[in-house]
Structures are given as C-alpha cells and as structure tokens.
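Structure provided below as structure tokens; questions to follow.
Chain nomenclature is as follows: A, B, C and D, assigned in order of appearance, with residue numbering initiated at 1 for each chain independently.
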Amino acid sequence: MTLRALDRIGMGFFLGLPILWIVLFMLVPYGVLLTYSFWIKSYPLFEPAFQFGNYLTLLNEPQYLSVIGRTLKIAVIVSVTALVLAYPFAYFLVFRLKNVTIRKVLFFGVIAPLWVSYLLRAYLWKTILGTQGVLNSTLMGLGIISEPLDIFLYSQAAMVITLTYIFIPFMVMPIYAALEKIPRNLDEASADLGQSSWTTFWRVTVPLSLPGVVAGFTLTFCLCFGDFVAAFLVGGPDGLMVANVITSQFGAALNWPLGSALAVVMLVVVLAIISLSDRFEQRTKVQF
Amino acid sequence: MAAIIELDSISKHYGPVVGVNHVDLAVEDGEFLTLLGPSGCGKSTLLRMVGGFEVPSAGTIRIAGVDVTAAPPQQRDVNMMFQDYALFPHMTVGKNITYGLERKGIKGTAARDKAEAALELVGLSGMFERHTHQLSGGQRQRVALARAVVREPKVILLDEPLSALDAKLREQMQVELKHMHEKLGITFLMVTHDQTEALVMSDRVVVMEAGEIAQDGTPEDLYERPATPYVANFIGTTNFLSARVVARGAGLVTLEAGNQELKATDVATSDGQAIGQIGIRPEKMQILKDTECRPVNVLPGTVVETIYQGLALRTVVRLSSGEEMLVDEILRQGMLHSDHPRAGDPVVLGVEPHNILLFGAER
Amino acid sequence: MADIALIRSKPRKPPLSIPKGAADGAFITYATLLLAFLYMPVAILIIFSFNDSRVLAWPLSGFTLDWYRTLFANADLLEAVGNSFYVATLSTALALCIGIPAAMALHRFVFPGKALFRRLLLLPIALPGIVTGISMLNFFNLMGFNLSLHTVVLGHATALLAVVVIQVLARLQRLPPSLEEASSDLGASALVTFWYVTLPNIKTAIVGSGLLVFVLSFDEIPVTFFLTGRDNTLPMYIYSTMRRGVTPEINAVGTLLILFSVVLILLAAFLTRPPGRKR
Amino acid sequence: MAKTTPLKTILTTIFVAAFGMPASAEGELSLLTWEGYADDSFIAAFEAETGCRVSATYVGSGEEIIAKMAAGGGVYDLITPASDITRLIIEAGFVEPVDISRIEQWENIYPQFRELDNIQMDGEYYAMPYTWGAIAFMYRNDAFETPPTSLAALFDPRNEGRIALWDDKSAIYVAARYNGDTNIYTLSDEQIAAAVETLIEQRPLVRRYWSTAGELVDLYVGGEVDISNTWAGYQSALIAAEGIEVTEFIPEENAEGWMDSWMIVDGSADNACTYPFLNMQLSEQGQCGVANVNGYSVANPVAARNCMTEEQFVALHQDDPAYLDALLMWQPLGDRMGAYVNAWNSVKSQ
C-alpha cells in the first residue's frame, strides 16, 4: 500500500510514543534482566560477568526444577478448575437467560470482584478455611463434622481454591465474549437439523467458543504461574511457588543474578505459552 | 460539456491481484453516471480512488482539470454518500451536516442556515436537533445526502446508496435521487450492482467487468445494444444461442443456430469479429398463434412450463435443438394466462431480425 | 453406497434429553452457587469490619465501629491511600496517553514489525507482574535512579498499557471505517478526524479501560513490591501490616474500598452509556 | 555499579527531575526499620522537641533491608539491621561510620555489643546498638501436660500439624542444634545437608512456616498451632492479650540471640536530625519506648534501669549479663549466607 506523506506523519505521531515506551521500559529492562542473569553472585553483592552458572544452578539443583514443576502443576489445576466453573456460567448467561438486563447484571456480578483488592480477597480465604474459620464452624454447626478439620488451610488445596477464586473473572470474560459472538441461528440451525441440544452444544457451541476458552486459559495460567501472594497467605510447608523463590533471591538470598535467571525462565515459559495459545487460537478462529 | 472527472489509465493492484486495470473514463459536468457491475468488478475501488480513499497504483485522476491523484480526500472537491451512510453517531443531524461546513471555515449561524437549507432540500426540515439513531433508514439516507451536498462539491459520489433500504423505499428513493440530481445540477457518480437502479437513475452507465470497462453508454444503448454477452446478461435477461454465419448482405445476416436458419439485422462490428453467438431478449419474442401473420424468423419447440409473474407470463420453451428459451409476454387486460399453451404443448416462437443481438464467439 | 449410509446412520445412544425446565433450574442453582462463592468472602470482609475482636474467627463477638474510627486516625494508612490515588491517577493517565495512539497505530497502519509491536504491547497483561517489576528494578538500579512512587507509576503504566490497547483496539475495530473516511471526505485533516470523530466514538472504551487501569493500579502488588521506594501504596501497606497481623481496621478499609468500587462501577456505567442515548 | 554509558547520560537527563530526589528534605528523617522502632508513643515527643519529621518504612526481614539498600537505598537516612548482616552492609558500602563522640551514652551500652566485631571496620564504628533478644520457643499452656524443654518437641510426631517454624534461614540453625551441631554459624556443607535432611523429615509435622509476627499470633489465636519458635517478648505478649496462655522457653539446645542497631545510610550523616535522633533512641525515652512497645530487651542498661520497673527490668534480663552471654548471638555468615538460604529454600521446594 502506498502511504501518503500525511499518513506517514500520522503514523509517526501515533507510533512514536508507544515505540519509545516499549523500547525504554520493556526491551531495555528485559535486556538488563537478561544481562543480570549472566552476572555472578559475589560477596557482599554481585559482579558483572558473563557465565551460565546461574542457569546451570537452576538445572542442577533439584529444588528449582521441582518448584517450577509444582508451580506449573498448580497453574494447570487452577486454570482447569476455573474453566470448569466459568464455562457453564457463561453458557447460562448467553444461551439460557432471555432477559438482557439480568444477563448484563450477572456478568457484571462475576467480574466486579476484580475491583476488590486482590490481597484482601486472598487474605479472606484464610479466614474462611482456618481451623476455627467459617467453613469449619459451618460444617460443625451442621453436624457434618465433630472436630474442626485442619486440611483446608495451609495446603496446596487452599492455594488452588484461593487462586481459582481470584482468577475466575479472567476466565469468564473471554468465554462470555466468545459465546456472545456465536450467531443464534447456528444454534437454531443445528436444532433444526434434528440434533439434540447436547449434541449441538458439543458440536457447535464448544468449537466456536474455543478461542475464548484459550484466551481465558492462557491468561489464568500465566497470572497463576507468576503469583506469589497465595503461597504467602494460605500456602502450607509445601506451597512454595517460583515467584516466591524469585522474591527470596532478590531479598533474603541477595542473589539478584540467580533471581534474574529465574525471572528469565519465567519470561520464556510465559512467552512459550502465549505463542502456543496464539497458534491454537489462529487454528480455531472462525469468521462470522 | 466539459469533463469534470478524468481518469487516465487508472490501475489498482493489491499485490498480484488486479482490482482495476487501465481504466480511462471522463465524467461530464452535470451528468449522472453510474458504474455498474457485480461485486468484485472494481467499480467501488474506482469510486474510492476518485474520492481519495485509495491511491491508484498507476494512472492519473483529474478533477476539474486539477491532478488529484495523490491528494487526500479532504483536499478534493468531491463528497461521498457512503453505503452505510457513515453518519456520525455521536452528533445530531445538524452537527453532522455542519461538520463539513466547519472544516471549510463556515461556522455559527451561517453554517446553521446552510444546513437547514440542505435539510429542507432533502425534505427533512426541522430535524436539525434530532439524534441520528432516531432516524429511519430513508431519513438517514437523506441526511447523508444533505451532508454531502451542503459543501457544494463539484461531484457527489454515491456508493451503493440504496442498498440498505427495503425494496419499496428503494424504488421511491431512486426517483427522488434522480430529481435531486436535476435540481442541484451537480455531477453524480454512483456505484451499484443493481441494474434497475442504474437504468432508472443514470444519464450514462458504465458496465464494468473484472476491473475493466465492458461498455459505456446510455441506459437505452446498454439494453438495446449490449456490446457483449456479459453486458446483455448482466442487464436484463437474455436467451443465448450459439450461431454460425451462413450468408451476409443487404443489411441482413443469415445465421444457423441449432438446426434453424435465422435472419438478423446486421451490425457492423468494428473489430470485424466473427459472429459466434446470438442473444434474444425474452420479451422480444412471441408465441405465435395460428391467426397471426408469421414474422421473418420462427423457432418451433415445446412448452416446458409456464411461470406466472403478475405483470407478465414467462414461458419456458425447449427448442427442437434441445436449448431452452424464456419468453415473456405482458398480460394485458382480458388476457388470461390460463388460455396459454400448457406444458407439453407444441408452440412456435417468432422473432424479428432487429431483435436478434449479434455477439462474437464465446470466449 | 447404501451400505455406507447404513453404517453411518448406525443407531446412536439416544441423545441426553433433559427437560428444558429442569435444565434451567440446574443452571440457575449453579449460577447462584457460583455467585455465592464469589461474594461470600466479600460479605465476610464487610461483616468482620464491624466485629469487635481483633481475631478473624467465627463466631462474631460483637458489633463495633471502632475499626472505622482507628482507620481515620491512622496517618500511615491514610497516607498510603493517598499514595495509591496518586500512583493510580498518574499511571492511568500515562497508560491512556501511550495506549490510545498505540491502538490507533495497530488499527490504522501497516508497517514492518507490526506483529512484534502488537505482541510486545500485549505481553505485560499475561506476564507476571514480578517479571515486569524485576526487570524494571534491574534497569533503574543500573541507571542509578532512586526508587519512588514515580518508578512505581512507570511500572504500572507499562504493566497495564495492554488493558487500554486491547479495549480501545476492539472498539476501533468495531467502528465502521466509513466514519473516518466520511470525516476526511468532509474536509477534515487526520488530526481533526481523530479529535472530532474517532475519539468521541471510542470514548466509552477509553473511560472503561481507564477505570480498569485505575483500579488495577490501585490494587497492584508485585510491580509495586519491587519498584517502590520509601512510600507505601495501600496494598503494600496492607501487605506489610500482614506481617504484624491484619486488624479489622484493614477489613474496614476493604469495606470502604468496595464502597468506592461500587461508586466507580456506577460511574463507569454512567459514562459508558451508548452514545447519544440520553434520556 | 555500572559504567557511564551515553544511554545512561541521556536517560539521567530525562528523568532527573522525577527521580533525582534527595534522601530527605531539610528537617526530615526517613527510616527503614522494624515496626515499633519508631512508634508514635516516643517519637511524637522527639518530633515536637526538635522539629524533625520522622517517617518510617517497615520491613519484614533483615534481608529486606539489604534488598532495599541494593535497590537504591539512597532514599533512607537510617536503617536497623540485625547483627548478622551489619558486616555485609558495611562491606557493601551502604553506610557510613557513626561518630561515637557524638553519641552521648555510647559508654553505657553493653560492652559485648559495643565491642562487637560485626559493627566495626578499619577502626571505625558503623552501628549504634539498640535492642536485643532471643529467638526463643513458645508453647500453648493448655496443649502440654508436661511442659516441653527441648527442641525435640518440634520434631515429635505426636505434635503433628500443631507446629509452626519461622520461615527464615534460622530454621537451619534450629535443625543443626537439634542434630547436635552447636557451631550453627559456621556449619560445614555436610552439617547443612544433615539439617536439611532433618527439616524435610519434620515438614509433614509442620502446620505452617510463619513469616511475620502477626501471622504467628494469628496461628495461636486461631487455634492452628501449639508450639513454635518466637521473637521473645513480642508475640507472646500479643497472644496473651488475646486471652491465650503461652509460655516462652529457652530449650536445652539453647537459642539464638539477636541485636539490632542503628546505621547511618551513606550520605545522611549531614542530616541535622540524625544524631539527635540516635541520641534520643539510646536515651531512656527511646530505650523504654521500644521495650514497652515491642517487649524487647535494650542495649543501654543504664537507661533501662532508670525508666523500667524492677519487674520489667528483670523480665527483660537487663540485670543478667550471663543470659545474654549464653545466647548464640547471630553472626555474619559472609559468603556462606547463600548456602544457608538455599538450604532453607530447598527444604520448602521439595
């Protein structure tokens, strides 16, 4: 396409600031992060160097791989749980609710908790899951258990519940948007062709909503992967996540180079997940 | 009359795809010219290049003698009525209309007076303060027109202006737009894929095919003397028969079509192309009754079916050569279509030599 | 052929058919449960903010407004709230100033590296805040900048830029291209078109994303954790008091924040009404 | 830390307005410290007297102080690291010497602290000792028929799910002592590995690794745990205030001791408020102030004698140098610190 001179000026106007910003506050910092990851820890702080020791440490010491593995595991469980919880809800809103106002209100109802402090929402689960917490006292009050159970709090399960709770809105939003885009007549056409609503759901609705599912899953997974508050608040002795290890390298261990290397690993994992989901989304994308 | 728009060998490529291919066209000042063609024929691209929304890959565009090939839309003395009208949803009707005036430096009451006048012109007096979403489809269309004419451009471009309206309203607006054109005396350059629209409204129609001009003429020219089967097929309905010249002379050409001999009025084709195909409009044939005097050409056949169309009766006739012909007959008062031949009846079709269209060999 | 058709139409399990009414009932129950799951903690927060024990345990011991009183007497906490407002306001302004032109560029122009540009812009939304925080910390450290609320603002703007870009771009793509064309056709320059036609039509997306950025920035922890100097934002204050144990005072703050959110949500709903539909 | 590059010059020019903030404005004092160390109960009077405005940022661990310093600590004037990291902070060049001639009660400080190697370098003092205490152990009275006296209680399967341990490298010290290694600050790699082994075995018994004072309080008050280690004097008081009876004890395997001192961040000695503040903190006003708020023992027994009740004086062991000497005072780990921290992380990771 030929660009007119005026368009070129306009393009400079619109592109200049964003590009400057990206370079200054993303590319350069990522570059610095990468640079630091090759530095070396040296008492009392650290020194510039170029060596792969930090990455070798991450590979050789089992603790790092096991933390990364655990973090991936929790992120997957949370994303799947959030998906299972969010999908029927979004489906109900879009396909079963006739009243548009109620639909909008309920949709807003699900994403509104985003506006309540993240930290507080996470913290509240401690109150609920604790030995003398709301859950235990309710169960005891109902006579289901006689002694308070301590299995709820300070465990990976507690982290999964808390993280799922926090990230559900991120799952509902894209799925809702994807479902809303599906033309109603497809649904009707399928019913017209004699398919049961169950078949219609699996053969028409689900495939067409996949881009939303992928988007929600990716976002939830990535945010979960980098979380460090859940472990801090409700995690048990086996609740350490990658982000907590990074934080500790920048704090207690005072090993910025190793922490940077871990952050680079996290960056790479997230980039990989994003491009994977991009590719998947391209394949599942349908134009209406 | 002087040319207000001159397109000189305009081409537009999208990568390897050719959208418009070396088009030369001159639009006379004051005329209503329509670019007609199916979607993808390049007519809209051509219009958008005149409007300045796309830049030609090659060629020059002159408006009122000034080369505007590279000028952006805001520097051209033309205004467009968009297919979706493109009324600014966040502005009132009045604001929409004065928007273009303000860009010209006309503001305040001067702008308002002009806008009110334009609204009156399109029959929407008193709608100045309305919001655009409160308007009906026809009203939006009028506002779009008012917004374009209020700037007193040299040319108004209309991109499928009636496609968003329902059939009834469309017919009414066709006439209105035509009257508006006469009243304003501004050049209208319209794009449409609707042949009726083109025939009804235009002084001149340019039929486009695959990025090139297929034929350029008055509506009557195009209908009565289509240059190619493409045009004949696109404008109106045509029965095609492949044919071979047997003899030629005395203003008549004798052809063999199927196993029939037909005589047609000869038309000297400029390129001397051999005739390979003939076309006959369905309404230019008749089903002969015994009492009638026989025309020059007769084609025997069998009725396949009859289709009642209200205004006319369409009869599908299979010729002895196996080809099917459509025949349209106006149902005049007293004529009952039940009297006509039914499926299976043998019939004879008659056609006069001047009603046979001659075309080159099929490509 | 007939055989194939037969094989294909082999009798299937009868399709699961639930009476429509029962299915709807199940859906409604489910939706109610999910909403209860989402709002129960919030309700507990509000209830505990009036509980007169320091301990967050069931059952409640008594009603008090003390926590609201101590809240308004707590200078550090009020200062943190002020800092959060300062940071959120500035980062929202920055994110909008950068994000709107970026979305315009993505929408309007074809340029080399556009795919990369787009991906980089959207990266921080999925990137854990800790990576953004750490890379910027390393960078500022290398540059010898002092950490302050301003470095936090830069971090937030970078991390939340994508929110603006996504929402504004989506709106731009829904906007008929003919609107901008009509404007230039009517004699407007690119800038005038942007100001009088494009901007008003993406206004609701701007307001919506701006409010979201504000809220997310107000609530941000990981980036702030690494980039703040001696000043605390509210979440950082809460985070640091958690070291001592959260008092119901924090619940009171949370309750007030929810109230504030409700106001913001209503404001958002009010400001993002469909254009022109004033009644 | 890095060489000047053209990019740096450009960026510095651009951002100097926004980020070239001086440490503190005239008459302001910015602290990076523990909560309670600048409590209004005794700071307000100082502010009124001197006109100096004191603002404090609170940290959760000593390492956080180092992290903040490493991340550009120029915005603070005074910090209060514990005795195990003072040396590192000195060697990293974050602080400047304390002019002890301007500290009025310097001579009243416990000689054990004053002469501590960790706070000196090249004949200069870099820290002013302030408070001290033990990492004691604590149990819930109603949970034990026979009061525990040994670390063994923390490793006893009978207490499964009722144990809390401080989420800190201190856990390594605890496990090493339980293993019988008393040289907890100079552990060999093998000893550390053995400690890790012990802690991993113990992990299923642990309810929670607590990281903050308040958290431990909540754990007791919420009925989650019965036994843990604790910052002596501080958390037990908070728990008692909630009506739960706990007892602090020094186990047979002994306990760690710590000492916090004030250090002057590089470039802040010129702040006119610095020395008046230090002198206030070492006076009766500051010493009893912090003892009352945090329940810690203080570094100036002379001041303590004057402002404490006899009961409090005894309870805080201000009269008992032997108690202090018996504690395993935190030592700088030097370049071994990484080994300790990683060992502790590996326990939590596996």
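Keep this in mind: contacts are C-beta pairs under 8 Å (C-beta built on N, C-alpha and C of every residue); 3 or more make two chains touch, one makes a residue touch a chain.
The chain list, named the UniProt way, goes like this: A, C = ABC transporter permease; B = Spermidine/putrescine import ATP-binding protein PotA; D = Extracellular solute-binding protein.
Just so it is clear, the model here is predicted, and its values are computed rather than measured.
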Identify the chains adjacent to both subunit A and subunit B in the sense defined at the top. C
If you average the CA coordinates per chain, which chain's centre is most distant from that of subunit A? B
Return the chain label for which the distance between chain Cα mean and whole-protein Cα mean is smallest. C
A-D or B-C - the one linked by more C-beta pairs in contact: A-D
Taking each chain's centre as the mean position of its Cα atoms, how many Å separate subunit B from subunit C? 53
Starting from the mean Cα coordinates of subunit B and subunit D, work out the distance between those two points in Å. 89
Subunit C to subunit D, mean C-alpha position gap in Å, rounds to 38
What are the residue numbers in subunit D that touch two or more other chains? 2, 11, 70, 211, 222-223
Can you list every residue of subunit A that touches 2 or more other chains, as numbers and ranges? 1, 6, 28, 130, 132-133, 250, 256
Using the touch definition from the top, which residues of subunit B touch two or more other chains? 72
Spell out the residues on subunit D that touch subunit C in their complex, using ranges where they run on. 1-2, 8, 11-12, 15, 18-21, 30, 32, 35, 55, 57-58, 60, 70-72, 74-76, 211-215, 217-218, 221-223, 238, 242
Quick one: which bits of subunit C touch subunit D in the complex? Just the residue numbers, please. 54-57, 137, 140-148, 150-151, 226, 229-232, 240-246
Which residues of subunit C touch subunit B in their complex? 176, 178-179, 181-189, 192, 196-197, 200-201, 203, 275-277
Which residues of subunit D touch subunit A once you look at their complex with the stated criterion? 2, 7, 11, 61, 63-64, 66-67, 70, 88-89, 91-92, 161, 168-169, 203-204, 206-209, 211, 222-224, 334-335, 337-338, 341-342, 345-346, 348-350
Taking the touch rule as given, give the residues of subunit A at its contact with subunit C in the complex, in rising order. 1, 3, 6-7, 9-11, 13-19, 21-22, 25-30, 32-33, 35-36, 85, 88-89, 92-93, 96, 106, 108-110, 112-121, 123-128, 130, 132-134, 136-138, 165, 168, 195-199, 218-219, 222-223, 225-229, 233, 243, 246-247, 250, 256, 259-260, 263, 266-267, 270-271, 273-274
